[in-house]
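Worksheet: the structure to be examined is printed underneath.
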Amino acid sequence: MGQTLIELKNISKTFPGVKALENIGFSIDSGEIHALIGENGAGKSTLIKILSGVYQPDSGGQIILGGRVVESLTPLEALQSEIAVIYQDFSLFPNLSVMENIALEQSVKNNDNLVDWKAMERISRDALDQLGISLDLNTILGDLSIAKQQLVAIARSLANNARLLILDEPTSSLSKNEVRKLFDIMHSLKNKGMALLFISHKIDELFAISDKFTILRDGKYIGTYGEDELDDEQLISLMVGRKIEYTIYPKNKRTEPLLEVRGFSKKGNFRDINFTLHKGEILGLTGLVGAGRTEVAQAIFGLNPADEGTLLLDGKEIINSTPNDAVKAGFSFVPENRLQEGLVLSKSIEDNISLTMLDALSGKSSLINLKKRKELTRNWMEKMDIRPNIPEMITSKLSGGNQQRVVISKWLATDPKVLIVDEPTNGIDIGAKSGIHQLLRDLAEKGLGIIIISSELPEILAIADRVAVMRRGRIITEFFCENITQEDIMSKAL
Amino acid sequence: MKTKLLKIKELPIILILIVISIIISVANPAFMTLENFLDILKSNLVLAIMSMGMLMVMLTGGIDVSVSSVITAVAVITGYSLMHWSSNLLFTILVAVLSGTVMGLFNGLLIAKLKIPPIVATLGTMSVILGLVLYITNGTWMTGIPEKFIDFGRKKLITFPTGDGKALGIPIQFLFLLVAVLATWFILRKTVIGRGIYAIGGNRDSAERMGFKPDRIIIFVYAFEGFLIGLAAVAHTSIMRQVDPNAFLGFEMQVIAAVVLGGASVLGGYGSILGTLIGVSLFCVINNGLILMHIPTFWQKIVVGLIIIGSISIDMTQKKRTERNKTRVDVE
Amino acid sequence: MKKKVLAVLLVLMLCISMTWANGSSDKGSDELTIVVMPKLVGIPYFNASEVGAMQAGKDLGVNVIYTGPTTADAAEQVRMLEDLISKGVDAICVAPNDAAALTPVLMKAKSAGIAVLDWDTPADPNVVDLSIHQIDDKQYGEHIWDLLVEGMGDTGDYAIITGGLSAANLNSWIDAGLDYAKKTYPGLNLVTERIPSDEKQQVAYQKTLDLIKAYPNLKGVVGISTPAPLGAAQAVEEKGLSDVITVVGTSLPTDSGPYLADGSLKVGTLWDPSKLGYLTVVMAADFLKGNKPVDGQMVENVGKISVWPDGRTVIMGPPADFTKENYKTFNF
Amino acid sequence: MKPELKRRLKSKEAVLFLIFVVIFVFMSILSPTRFLSLYNLQSMAYQLPEFGILALSMMIVIITGGINLSVTYTATLAMIIGGFAMSHMFAGGSSAGLSVLVGIILMLAGSLACGAFNGYVIAYIGVTPMLATLGAMTFFEGISLQVTRGGAISGFPIEFIKIGNTAVLGIPVPMIIFLFVLATVYLFLERSRMGATLYMIGSNPKVTRYSGINVRKNLFITYLIASLLAGIAGILMASRYNSAKESYGSSYLLQAVSAAVLGGTSIAGGEGKVIGTVIAVLIIQVISSGLNIIGLNRYLTNVVMGLILIVVLTINFLTREKQFRNN
């Protein structure tokens, strides 16, 4: 191992009402791959933002960087210290070429006045070569698939010669082959003396590549361990703080079919999708990110209508060509990306919860019954335990968990027949997670059909009755969720 | 090569321009003559120069409705300078670009520092600048432009002899357009700030995180636009040989229309010099063709309105189609 | 909060200082107050009228308010007239952008005891006390066509460039001229409907270039509205067609000097707008004092006027024609 | 209740109202006999409605994140279509009542047709509102010119003229119509389900679509309603000006945008209160009339309006900054 590159001491971060990080302290050496582990909401993202200078930590902590002690970093300092972060949202420019997305940062960093296109081409070519992928450098980024865009994001950090490279779930959109390639590259970077901070949820990946593990839980530092000090189970128990993650619910018997999907195909999205959802059943839809799960869900909900195929609800054919049709037919859809698709962030909790209910809240007069609206909002806020309990609160100021609860409330309020939830517990703490599981299970008990999309297999196994596994736009297989393991599913998904 | 050509984003608008040009020249062969092209060039130089500045502004996601009042103010200042200070050409250009830049700077500061939405800020400056100019000049034409300057305006860059003993020429003012296009091209293509203009239009937060200074870039863009307006004002004055403070009423809409016809997005980030020049050409060709095609006066606005909406709709439908057909999953 | 109040105060200070700088006050006096409202302020023609009107005010010892909208919008004129009625004046002389549009507000003025006159362009004859005309519209239109024929002969192609399609008085001259041409000069061929130039020389210039190409046999251009003949002349001069195409029209002698001098503009015809302004104020003041105009009356600084048998339509006199030879003798 | 009251007093609208009061008082002091005269107050009440309705029309569109540059030409095209029929019917011997009725119905129908055109291009084809309405502006103007040949259509029955030129109990009829429109727009935007939807569309069309709301249909209807308001403004103008012409009210376009923005409507969409726009309209009216009575040069009036726009937005910015810092 090399020398210490960066050391954190007593780093805390408080947001209004929330202590996101508490006295974090560990160090990263050059020439190591350091895994940062924790559940969603454990404080990983906050920590990354502090390292990249986006957030300023509370005073009292220290960041020791190359022998220099500072309280906080600015984005520019972070940049000059060659800390590069690949965020989950890529932070790329959809309107610029691949080349510029990779290499423009160099020019900015160097305070260049002029663009050296030749150098940019060389730099970006090098970076892509290191990744072992070939892309047309002049293609506009927005024209690429999401998976390729992420490769560009990775290439960009490589191009920046970062001494510390922070990878926030970089593999989530990559195929197995590409993940292997990435790991090869990570190894070679490590051998060149670079430090990598690697964040992933996939335990097997973590063990395949990491030298050290730092574990966070609920904003607190749990410990840093070498790769030989821990096994999977220990790691998980440290991460969640207890052994058993989720309550495993008893599985339902099949009842009558509620929703039948027959021969759904859409070019460049998915092919020949067939499945049946029964009343009172929770059907898990899983597979890797980019396998087409979300696309199928969106097709059912009318957001991304299929080219071919039929949809039967209660045995009758329906056509959902817009979300409006779908809602009228009794569908609800909690989207994956709550910030961009789920919530109108600039509006209040009340506005958001009542958005799907405007028809019901306004009688013949078309005027909204304000009293009824307030009642509805209050009810759901209580039922879902949304805090703070202020209906006028702007949703952008809520924590992730509360935001998600607002989204779910807004959809449950419509009293749907079929509920589709896409990664519903993403970014929510354990307690709230089991609350949502309980809620979904209760809803199923009442006869609702639920499709849950989740990358988190234990979650699927805990609450779903059945699971369909997707790979590259197709449903590969279906399991009943009794007596199967995560490995059974994974082997099909990869 | 073929696929590369098809990938050009400006393709639909180029095709529309070609189709319209063919229709006009079938109706009247006089359209496809060097003489006509030179006429179009000369009478639309000012629009083309100003479209370059507007393009930059729109790339950042802004818009500037004050351009017509700024060029009026600059033209008046230039005219005053010509008549009372000096008829030296370089001095005149200097006065014009300086005063244009200062006004642009003011817009830029309002937008970048006070965070006033561009359309509103420039609406405000439009009222203020135009009001002051007309109050001071009372709308009176300035007609005593020195002969020396007018003679400069008559010069030709290159002349082409024609059969009947006369000569056609590229007007000297073409140089201003050339400078404007080259400067814009240089900034957008060759400088880091230019790429920053695209970057903040595409993803402002990331650009800031990357180290760009959006505020400074925005101020620069409006100032540069003012600079180009200065050039446009000199070109205009040398062509028209007088200064009419009312000459540009409503002109801002033409500039904006030409730039967006050329494919620039009002939301920022997208737009190119080539596209803008084609948009300007389309705009000019339509206007030119109205009379050449003998379209009755009272039908002309109907035709122009429909062509604008038609071209944008075709472009939009095209974009939507490619968006829809984009592969999201590598299906097995 | 303090800051806000401060800012508000600043604006107010600005208002005050500008108001006082203008020197107007709210205090009533024994002086007669006569409002002269042009179609719009800030164009050379109406600026010249303002000079005459203000001079008359000084000579006669009456208070003249010369104000109008900044664009030729009847709606804006109505609003301003309503405010002026509130202000309480003795006479309103208005050049309507649209006769019918002003009828209700002028009726209000009358019922408020204000004398109502029109000038330059007739208003609804039922509501005006006096109507001051520079010239009879019909005669003027015919005169322009006579000038055209003088230049191009009584056969051949010609075109009309007008200030705006909806300018009522321009339209009435053109209509009179066209009627006259149909009867008197059957050999004249109008190639296309009147073409608008938005009161801008630049546009008139552009449109004339297009016309020359679209109609190769063009022998004459009539420019109606002051910038139109200049733009047409500029285009003709540039194309070296001064000997082929006759440009005539309504223009001010000072602005059209260069074009008359180089022969591209054959002849301009207009009355002295400052005299018209002067006459308007004189007539209004006389009317307020109870004096009616009489045919053949001699008005100081204006000349002999004629009055129609209806007793309220005053005609200032024939227009002056400006040519290469005589334009320097005019000072408007 | 107390904190609620405090919040309201600190709102943008309250600040704006304060500015209005200060300007009003200032004008009154400057010209007590004339500005404050009953006649002038009534005259302002005649002038304000057509502009106020156009500003509300613009505001509705801006709330959805759009803009309507064709608003004044919608008004004039509507009044020309209706006015054309009305004057012809009346001249052809139809009764005044019937002519007026048909005329008004056609004016409203004409404005709806314009709205449908804009709405279709924007909502269904997906053209950016600014471009679509820029084209529509030229298109509508072209049709108007084609119908009128540049002249004005007049010869309306006196019953029609009375709409815009009479007062009931001292309150001008246009003002009564304006108050009615104002109440309706308020109920529509701030109380109805569609209004609530429009704010959400303006804030985030994607989320709104994902919430099962037919964004296209709502946008389409928005342009219909906004154009209908323009049509009503057109009726008032045609009646007040005793004629219909393509150029009437063209100076209202940018003023309407200014009024909406001055009133606190966010140009990016999703935010804006009806009361704010109304106060802004009042401010513009009072400045315009007041300065006119005082006799300030018209161009300086423009300068003052521009400065007020910039100053108010600067105040908004500083307040926002302060709140941000306090948080």
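A few notes on this one:
By letter and in written order, the chains are A, B, C and D; residue numbering begins at 1 in each of them.
Here, contacts are C-beta pairs under 8 Å (C-beta built on N, C-alpha and C of every residue); 3 or more make two chains touch, one makes a residue touch a chain.
These numbers were taken from a predicted model, which means no experiment stands behind them.
Of the two chain pairs shown, A-D and A-B, the one joined by more C-beta contacts is A-B.
Ranked by distance of CA centroids from subunit A, the top chain is C. Inter-chain spacing, taken between the CA centroids of subunit A and subunit B, is 44 Å. Computed from the mean C-alpha positions, the centre of subunit A lies at a distance of 70 Å from the centre of subunit C.
Between the CA-based centres of subunit B and subunit C the separation comes to 33 Å, rounded to the whole angstrom. Among the residues of subunit D, those in touch with two or more other chains are 145, 149-150, 297, 299-300, 302, 307, 314. Across the assembly, subunit C contributes residues 41-42, 70-71, 165 that each touch 2 or more other chains. Counting partner chains per residue, subunit A shows two or more touched chains at no residue at all. Shown are all chain pairs that touch, namely A-B, A-D, B-C, B-D, C-D. By the touch criterion given at the top, residues 189-196, 198-199, 201-203, 205-212, 269-270, 325-332 of subunit B touch subunit A in their complex. Remark: subunit A residues 52, 54, 75-76, 79, 91-96, 100, 104-105, 107-109, 112-115, 143, 145-147, 267-271, 290-292, 295, 471-474 touch subunit B in the complex. Touching subunit C in their complex are the following residues of subunit B: 28, 30-31, 33, 35-36, 39, 43, 134, 137-141, 143, 166, 236, 240-242, 244-247, 249-250, 287-288, 290-294, 296-298. Those residues of subunit B that touch subunit D in the complex are listed here as 63, 65, 110, 114-117, 119-121, 123-128, 130-132, 134-135, 253, 256-257, 260, 265-267, 298-306, 308-309, 312-313, 316-317, 320. By the touch criterion given at the top, residues 41-44, 47, 50, 70-71, 165, 192-196, 198-202, 205-207, 209-211, 213-214, 216, 227, 234, 240, 254-255, 257-258 of subunit C touch subunit B in their complex.
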